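Chains here go by letter, A, B, C and D, matching the order in which they are written, and residues are numbered from 1 within each.
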Amino acid sequence: MKVLIYNEFVHESHEGPAKDMYPRGMHMAISEGLQKIDDSLEFSYATLEDHKDVITKEKLADTDVLVWWGHMRHHLVDDDVVTLICEAVNQGMGLVVLHSGHESKVFRRLMGTRCGVEWYERQDHGRIWILDPTHPIAQGVPNPLEIEAEETYAEPFTVPTPDELIGVTWWQGGEIFRGMSVYHRGFGKIFYFHPGHETLPSYYNPGVIRAIDNGIHYVAPRVRVDEVTSHHIEPHEPKY
Amino acid sequence: MKVLIYNEFVHESHEGPAKDMYPRGMHMAISEGLQKIDDSLEFSYATLEDHKDVITKEKLADTDVLVWWGHMRHHLVDDDVVTLICEAVNQGMGLVVLHSGHESKVFRRLMGTRCGVEWYERQDHGRIWILDPTHPIAQGVPNPLEIEAEETYAEPFTVPTPDELIGVTWWQGGEIFRGMSVYHRGFGKIFYFHPGHETLPSYYNPGVIRAIDNGIHYVAPRVRVDEVTSHHIEPHEPKY
Amino acid sequence: MKVLIYNEFVHESHEGPAKDMYPRGMHMAISEGLQKIDDSLEFSYATLEDHKDVITKEKLADTDVLVWWGHMRHHLVDDDVVTLICEAVNQGMGLVVLHSGHESKVFRRLMGTRCGVEWYERQDHGRIWILDPTHPIAQGVPNPLEIEAEETYAEPFTVPTPDELIGVTWWQGGEIFRGMSVYHRGFGKIFYFHPGHETLPSYYNPGVIRAIDNGIHYVAPRVRVDEVTSHHIEPHEPKY
Amino acid sequence: MKVLIYNEFVHESHEGPAKDMYPRGMHMAISEGLQKIDDSLEFSYATLEDHKDVITKEKLADTDVLVWWGHMRHHLVDDDVVTLICEAVNQGMGLVVLHSGHESKVFRRLMGTRCGVEWYERQDHGRIWILDPTHPIAQGVPNPLEIEAEETYAEPFTVPTPDELIGVTWWQGGEIFRGMSVYHRGFGKIFYFHPGHETLPSYYNPGVIRAIDNGIHYVAPRVRVDEVTSHHIEPHEPKY
């Protein structure tokens, strides 16, 4: 299973609380967490700085699941790379979108909506309640999954109705959030999962890592096609 | 109820079978059909030729429902106009996408998928079966709705799972198609309805016109906002 | 619009906190609240004591929407009456299920599941967040809808995935609940809405009453049939 | 994987076309077909005649997936057995409902609807179009799956909207049918699949057998609980 992690890697590349929390970057914290519980994953990485070189059509064709963390520099992500990624998802590549990736160009283009949230940053306690304990992504994840401190993302979350609503987060401050969902787009699946503020320890939380690991396996491609388009057919002659 | 009909208006603007079928253009055939059964609609029109002048931010703000018919010239529709339309839908404007509009930039951007179909053109008989006879769009529409001759659009239709699957079409040639569906995007709703090949008489079919009329009313905005975005809030202070 | 309210009417028929809160019974508090904002509703009533006499096949055929409140005496509701109600819903009658009605025979039979909740009674504050501000049931309802004190119902709520998930409740105690949902069954629709503990003032809350009023209109029948069954047909000869 | 097949076994137990087609009964034809492609399944059987003895609470607790074929004798199935089965499904047991099982007590009780179809018997050609080629149940199943001759089941099919609509059948006679769907009920999943008239060879069709095999694996329990009910909890103390 080939997993490519994109991390904007701006916050943690400078001295400050993000680097204090994730000294080698969030991408490394995520992959190290995953490697402890799952030896089937083979990782590679991209950052804002090198993403145009790394995330090529060939690389995406050789990637099972792309994991995306971005925040303040969404606008600097190259539009052609975004197009390649959205095509790859529609052809079957899996995508895991974390935290502030909800406003990334990739996620917004795949959703067709603004993907806005109400938010504040108070390090509130969050508690993710699993609605479907039988879902593959929920296996081994505590119910509820306690997040000791997080940035609060709240409804209305302007996304389409999720194809699979796995969990809803309760917030100490009084809000709720559909922050653990799966969307289907073409031959691909997308897992959105909200924990992961850059100065908070969510990626050291074993339940969070378990959910990300389950999510990677869940969105991994079962069927992958080279192209999705319209086809002129003769009657009774399907293409997929 | 202010309805703006976009018609590419290339096929019917030249001598040939499309002009023979729809001498004043498909947009006029649609609006004339609607006016016979519904005097609450006020129409305006845009074509490929004038769409950049007509479809402005101000015009969209003053439009309840946009109806879209395009075919061979999707690529010539201005990208900034597409952006304005997608924003307007997310803010609450209704959208009705007809026939080959499934591959329009507008529809594809709102869906996040390729929106491809399998297709052939043999003037086959189609029969639209209503799955939910209680749906507002189905009221007064015969079940099944017989389409005497149409271009065949068939599955796999690479769209997200519809939020509301109203009808599925049976084709004489042996295919089926989810061609009567509603999708929700932000504060807006989109009705996709497949009849309407440029050389065939579907827009003179009273059941087709009834469904389009019902669709216009169904996707008309109940709530409309000036902007959809993320908001920084204080706890307990929602924006919508 | 003919609305029949069933209220178990055991708690409030004896001296105690329920009678103190709802001296004439919850059914009367609900109908009085609704009448203040909606003069289109014509009410009749049934209680556990008289339900076998009142809720007949003829009465149901003359009812647009049945509102159901029951709690400790679900098991005493007559099975034949339950069968009649479930048939009427499948034929198009609307149903509004309130609070502890989630465990009523009627609701459980229509859902096909146990409809269990996690619960405690501490008069906690609840806050219902509207996920879809454009939904007809949300119109005029504050977002969030604050419930000053309620019995806590929490996930996992063992119901099928709602056809329309309108609101999710945040609880002071740390839980969440899908307590504002619509389910479709046959030609009928069911609105489940969780506020309404017998000793607490939720039915004096204008937002709660507004949601119930909207819900009644939303589930009211658009199409109603005399019977739902299988039909032997000739090809091309549908029955609905 | 322990699979229990219930077959009414009335048609094929007497001389006639059903026995000619399935000499040892449809249950044996199904299990023999499955065994050829999947050696992980361990079968046991029940028929109308012995179902009260075989389908006990203990047997269901030791069954991963129950496969159900019934037709003219639905009314003779014991109500207590039906109750046990519905409880087992809600606790996590998988269920595969075939063909005329759509009107079985078990399926109707789990759906909460009448589960009626329009039907005729003309041995028409059916063609099952897969809507989601990535679904686990679709793997290895031809798209379309051609059914050379079947009893026609047609819309409106009065079931709830499927949680997962995998395939829709095109019929030679002019109808369509949502005959390949998954429903979730509590901790259990139900796969409905329409082929299987007693005098026609569908259970010798490798694509049909492949879909049933995939369906068995898809609905097999991932999580199973001893009881589904409401729980009185202390705050923050979930039960599942």
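What we mean here is this: contacts are C-beta pairs under 8 Å (C-beta built on N, C-alpha and C of every residue); 3 or more make two chains touch, one makes a residue touch a chain.
This structure is a prediction, so every number in the text was calculated from the model and none was measured.
Using the touch rule from the top, work out which pair, B-C or A-B, shares more C-beta pairs.
Result of the comparison of B-C and A-B: A-B.
Does the chain C and chain D pair touch with the same residues on each side or with different residues, judged by whether over half of the numbers are shared?
Chain C and chain D contact each other through largely matching residue numbers.
From the C-alpha centre of chain B to that of chain C, how far is it in Å?
36
Hey, how far is the Cα centre of chain A from the one of chain B, in Å?
32
Which positions in chain D touch two or more other chains at once?
Residues 127, 129, 133, 154-156, 161, 174-175, 184, 187, 236, 238, 240 of chain D touch two or more partner chains.
Draw the chains as dots and join the ones that touch; what shape do you get: line, ring, star, complete or other?
Here the contact pattern is complete, since every chain touches every other one.
Give every residue of chain A touching chain D within the complex, in rising order.
92, 127, 129, 132-134, 136, 139, 143-144, 184, 187, 189, 221-223, 236, 238, 240
Mind listing the chain B positions that touch chain D in their complex?
127, 129-131, 133, 154-156, 161, 165, 168-171, 174-176, 178
Within the complex, which stretch of chain B touches chain A?
Counting only chain B, the residues touching chain A are 86, 90, 103, 109-114, 116-120, 122, 152, 154-156, 158, 160-161, 163, 173-175, 183-187, 228-236, 238-240.
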